[in-house]
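When the chains are written out, they are named A, B and C in that same order, and each has its own residue count from 1.
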């Protein structure tokens, strides 16, 4: 039995979507310029993008690069972050370096990396990897640092070796924080993906966006924005589901991704 | 409800409103508190509580955890409004917090962004007292609670006992008629706790404010109070009100050896044990 | 004392190693100078340019957009976050809208902003504000909704009217969380303003990088990158100083 209140709560994001689309529709009708199509016009252009084979291949390639970059970052960043969290020397070794590269926009490395590695998948994947790694390192570091010392003592008393303690105590205890980092990383991967393609302008979702802009196909521009936005919302929601099942024992701290970089 | 009377009359069933004595400071009249839990279920935290507290009395509320004793204090503070019944202070129904009732919480609840002096001055400034006057008065109060020289410290730099001294000074500063103390010494170690009890008693014996004091320590309640209200759990009811007939000023060293003090402690502990059993059989 | 020195030395090591590796790649002939300029040349160029009016003009353009966008994000984020924390009605509207908007990659909106607001400052400032807004809004909201009830009660008992509780208690108590959000927002602002300038602009540090890339001036490509990294570090430490001052009473997190 679903109460009307619970139903309203469940459908709130959907209502918000509809509300935002309505606001868009009204705004574009009020402004009434050719370069700002209405929401309905943009929605009508969505099937033509998703129906086009070339666009689909492009978007698919974008998503594949994102998935590879993100996976590599997860494999590399979580152990590094946890080690930094548990071993003081490792932390003071890496922290200043990370602080220096933190405010560098990773997608801005695109032109330089393209010089070295060409315009292919490798450059774009590398940029995504670089962009995603930092938040995951940072959150794993915080998570590893916050692990209760007494829990490790108990583990040692039970005869766990230091490597075992890392896998069987530190990793699960830090998991909620690590997953917060991964969620930020996921959003950031999408951002880096789109940006690098906007800068490299050779293929992918970001390229479709700017090609349409150059050719004054304004409804396609807005339709593509909707597709990327929907992808962001979908990936985030899917990740939340996964996280919910992985760390059921931990209270979800925030129901919205908090940090983006 | 079983009413046990020790030496003196029980106050649990207080006299009707019209016959209320002129010296009543707080009058709690058939107050109940129901909390919504998940879904449509609700939990009865307080059931039909009536209690009168005289002006200048030191009254403790004792009971097992979860008996709603803090909730009762919050109702008098005006922080929580009761589901049923009325609480009055000086004959006026309580509708919200006010500077006539000053709280002191177990968690200290000091403003972390203000230093010690700023915390104590806050209430006075809020009452429209001039800055210089408020500062002079606050310094004097801090001296009284033994914190001279700590005016510019921030709460985070103080120990738990010192924090609670600041919190007491902050509340005394705006001179409330009633002090509402919610397990104020519950988070302190035994030694600090004893010292603060002694100091509180000294301060209180000077100006005899009305004090409503929630605690789960029987010794503390007997040592400090004129009356001890013993509550039962789920739902919270007043089981008995015990008059503590011990001479004042009280000296801890003498009292601990006093057979009357010891008997009060033992008797009340028995009463509380009974309430525990009640709860199991209920 | 010597512990801090040790820590600092340990921290400088990887940066020094990084630069040494960079230099050795060139010295040992693994990387041609045209692709990877030696670090000395890059820092020399940076030093030469730092006081030329052209370069300062580019920095000023970038900083103007950065601050304008960041300031808008701070004001909107704090106001909306506080409002959502204290009013259930506003919360019911803000929460789902934020839930939908937060995970959208804002940079994808940039073409739309260009179309609506034009190619000048406005579109870039809006993009910066849109990106920095959400972390500030969310941390304000969480900070304000987690203010300890008893702080509010203490203030009310001391005679604070309900209307003043927001400014006298909730805002200062939520300050640590708000400033954390601002720190994240500031880094994002640095990143986004640079990217926006790279995608379309006629001035600014990002534009310098793209200009240099078009003409394969590798040294000039590194200069704006290092500059934005330095700017980020300086702004971050300024904010950190402000934070240390404002939160002097709060326990360390």
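Here, a residue touches a chain if its C-beta (ideal position, glycine included) is under 8 Å from a C-beta of that chain, and two chains touch if they have at least 3 such contacts.
These figures come from a predicted structure and were not determined experimentally.
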Subunit B to subunit C, fewest steps along touching chains: 1
Leading chain pair when contacts are tallied as C-beta pairs: A-C
Whole-Å gap separating subunit B and subunit C, where each centre is the average of the chain's CA atoms: 49
Subunit A and subunit C: spacing of chain centres that average the CA atoms, whole Å: 18
Distance from the mean Cα position of subunit B to that of subunit A, given in whole angstrom: 52
Contacting residues of subunit C [partner subunit B, same complex]: 148, 150-151, 153-160, 169, 172-173, 175, 247-251
Subunit A residues within the subunit C interface of the complex: 12-13, 15-17, 19-20, 31, 35-36, 89, 92-97, 99-109, 111-112, 115-116, 187, 190-191, 194-195, 198-199, 206, 209-210, 212-213, 218, 221-222, 224-225, 228-229, 232-233, 235-237, 254-261
Subunit C - residues contacting subunit A, complex: 7, 10-15, 18, 35-36, 92, 95-112, 114-116, 131, 134-135, 138-139, 142, 184, 187-188, 190-192, 194-195, 198-199, 206, 209-210, 213, 216, 218, 221-222, 225, 228-229, 231-233, 235-236
Touching residues on subunit B, where the partner in the complex is subunit C: 74, 77-79, 96-99, 101-103, 105, 107, 109, 111-115, 122-123, 126-127, 154-156, 170-171, 174, 176
